[in-house]
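Step one of this worksheet: look at the structure below.
Per-chain numbering from 1; labels A, B, C and D assigned in written order.
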Amino acid sequence: MAAGGIDVEVKRERLGSPVEPEGLRVRDLNAHQLLRGADIEGPNRPAHLEGEELERYVEERVLTTTLDSAVAWARGNSFFPLAFGLACCAMEQFHTAGPRMDIARFGFEAFRASPRQADLIILAGRVSIKMAPIIRRLYDQMLEPKWAISMGACCSSMGVFNNYALVPADKFMPIDVHVPGCPPRPESLMHGILKLRDLVLADPPEGWRTRYAAVGTEEAP
Amino acid sequence: MSDGPGLSDYRRREQSVTLEQLEQPLDVPGVESSAELLTLNFGPHHPATHGVLRLLVTLQGEIVRDIKPVIGYVHTGIEKTAEDKSYWKVIPVVERMDYLAYYFNAMAYVGAVETLLEAEVPKRAQYLRIIHLELNRIASHLIWLGTSALDLGAVSIFLYCLRERDIVLDLFEMSSGQRMHTRYFQVGGVIEDIPPGFERKVREFCKVMPARADEYGAILNANEIVLQRLRGTCPLDAETLLSLGVTGPLLRAAGNPWDLRKAAPYSSYEDFDFKIPVGTVGDNYDRFAVRLAEIYESVKIVEQALDGLPEGPYITEDRKVALPPRHELATSMEALIHHFKLVTEGFRVPPGEIYNPIESPRGELACFVRSDGSSKPARVHMRDPSFVNLQALSHMVKGSYIADMIATVAMLDPILGGIDR
Amino acid sequence: MPDATGLELLAQELGDSVLETVYFRNRATLEIDPETVCSVLRGLRDRGFTLLASVHGVDYHPSEPRLGVHYELLDMARVDRVTVKLRVGLDAPEVDSVTPEWPTADHQEREIYDMFGVVFRGHPNLRRILMPEDYEGHPQRRDFPVGGEPVIFTRDERKWLEARE
Amino acid sequence: MLRTYLPAIVFLVLGGAVGGTFAVLNSVIGPRRAAPHKQDPYECGLPSEVKRGMRFGISFYLIAMLFILFDIEVVFLYPIAVEFRAYGSFALFETIVFIVLLFVAFVYVWRRGALTWK
């Protein structure tokens, strides 16, 4: 290890706000009770509401969304992946679209052949230096807004073949999600795509590092 | 990372190659002016090229006048990487070449090293290897059938084939822990004996598979569109194929029953009786029918191998080559020394060169290993069947329609990982 | 496989172009003089070795002459294999191409030219096949560095960013 | 008069509106990022070498004309089919003559080999 040595002593404190109380589930329950008027005062409270409880009730029941979160919701749930298999990871990509793992459950099974109709490129396989400019051109010609998943170790970090012939995808195009594995199982590619969907929906689940603000867990430099 | 005013070196490289350089004077009879000819990139990113194969196609209307395959778009320098790894570590590198027939790559390489070492592989290991080889042949043919039917428009066949292939990959995962590139074959045998429930699951699969293959046959052979597109298109006779060095289902479809499992049996293939499907005319329909029939034969081999599975060690007893079992490490000092020596430096192989051919789903796959006495191979070369069979594509396709070219590329079953190595 | 004596007979029949015969792990190898490769292969074809299975290059770096080309021949009738090997120095890496008689050698000779730099005289379309067209150097020679670059992990991303400015 | 055409008008207006909004929505909401080769023709990932002045082969035009010919024939049959009962047997014979005439043309074209690709 370099001079820094292993200072991997994990300090974990819980963040200020525990799981956000206004979660959907909790709001649902409040609304239910308000309707039955149970918790306001006494069990025989009439069911109808007025004034301040009415606003709270309406606010609880109706999901108010801004336009861009609605658009983000639409985009996140309707990826059109570009049918782009390079090498062995493409076989596992087939199986992700296959009957058992079945990406169609999430609506992403429409693999488009041309970049003009695709907004998600999954680099499934190893990128050689002869292929890199072609992939960059494809990425340029894709629909906006576009995302890129680099599937497999070869694409993310040249994996087993760290030699003259390969290029990690990060060198020539922006990658949003790296899926580890050689080849990654269909389930892990699925997990990668769902993680990208959360990223697009603009409320990614906090990784355990951010939730606990863990410092010092990175490997030594 | 966009290149801005100065082109990044990748971009400059690709744009420096224009079609004029690749253009060759076209001596097409009856076409004087080249105004009618259209040179098109049937390029690296195309749904029907089964990988990153680029075909420079010169078209006259719908007819393909000239075709030039351009490869190298997934070249990973595997043979160079294999040269600075110890013999034991080369197996996962070599397995990733032909990513549909990974057991065959490992088998060719491991067979070559065992011949160099003159290591004796126990009978049980040979049978286990054959079971996994034939299951892998079925899985490879299933992906070929799925993607070819997809190219011809039968999309549902793709999903049926993947359903079967998932079962085969579960068997691989059960026996070796990983769906693909399992590194199950070691020099001298296999790394682990099969778990108890494996045999029952393989028998279930062997019962189910022929019925499913009948379904595929029933759907595709009754479909007039598929028959019209396959029957009588792009035939090539056996002599031209032999002069082009083509082996495997393409050669057997043209009538020459050359199959290394029968001609030069290795790893005790001679104990099983199975037939070699052979075509007659050598057109696309024969190539399709030969591969579909091979699935039934492979199932038969797997069943016979399971019935005759002998007891005994699953890897060679020679501690110089095979790792001693874990429990022995606690007790015997000698096993510990062997283990340490194998894991750190790996075993040394006497100097020499060997060319070990086996029968892969696409033809004769051979591994050339040259050892210079150290613990790292001096040269590992894979004679990949797809690389040689690809040369026959231009002979098959000249003068036919574009639709026939797509069917021919599908029936050629090229795997670009094996071609570009 | 032609056994040891069969190999010696073959060598005499092919005359003085055979420099050496090796019989290793019951596989026959003929080392020949590079100038006579076409005639030797034609002679072997007349003796029944009709299929040229593989042509591949080898770099015997420490020992001279450095670049080797192997021809694997197969006789389907008698299920017989023989290897023809030739060695060429780095100063004049020139060999006659066998593509006119054996069309299967076309792409394989292009790969040997691309990877090792052996020029095949008479090849119809000698050009790089695996590497990009304008790539400098022959990657599979033993003195060519394996290459590869350190991987940018998240921990040292900052280091790479400063290095890039 | 309006009463009878109302469903057709509503249908047209709604179709136009929904189609229009989606087309406009894309240009309003979608981000616009210039990229070097974004507008180049897509040819499997490579710079396309097809020159502008590329002339299509003559057989393409032949096939196109034949298609239009027989397609119009089918279009003429639709209005007859809608009110076939009302017109009685007169329309039946009229249609048969119409189809036979075109069938003669079809056989001529077929025998002359215009349908097989040259």
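Operating definition for what follows: a residue touches a chain if its C-beta (ideal position, glycine included) is under 8 Å from a C-beta of that chain, and two chains touch if they have at least 3 such contacts.
All values reported here derive from a predicted model rather than from experimental measurement.
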If you average all the Cα positions, which chain's own average lands nearest? B
Comparison of A-D and A-B by number of C-beta pairs in contact, larger one: A-B
From the mean C-alpha coordinate of subunit A to that of subunit D, what's the distance rounded to whole Å? 42
Between subunit A and subunit B, what is the separation of their C-alpha centroids in Å? 35
Centre distance in Å when subunit A and subunit C are each reduced to the mean of their C-alpha atoms: 49
Chain-centre distance (mean CA atoms) for subunit C and subunit D, in whole Å, is 57
Quick check: what residues of subunit C touch more than one other chain, meaning two or more? 131-132, 139, 144, 146-147
Listed in rising order, subunit A residues that touch 2 or more other chains are 129-130, 134, 138, 163-166
Which residues belonging to subunit D are in contact with no fewer than two other chains? 35-36, 45-47
If you go through all the chains, which pairs of them touch? A-B, A-C, A-D, B-C, B-D
Subunit A residues within the subunit C interface of the complex: 129-130, 157-158, 162-166, 168, 170, 218-221
Subunit A-touching residues of subunit C, taken from the complex the two chains share: 131-132, 139, 144-149, 151-156, 159
What part of subunit A is in contact with subunit D in the complex they form? 71, 114-116, 134-135, 137-138, 140-141, 144-145
Per the contact definition, I'd like the list of subunit B residues that touch subunit D in the complex. 2-3, 14-15, 18-19, 35-36, 38-46, 54, 60-63, 401
Contact set on subunit D toward subunit A in their complex: 29-33, 35-38, 40, 42, 45-47
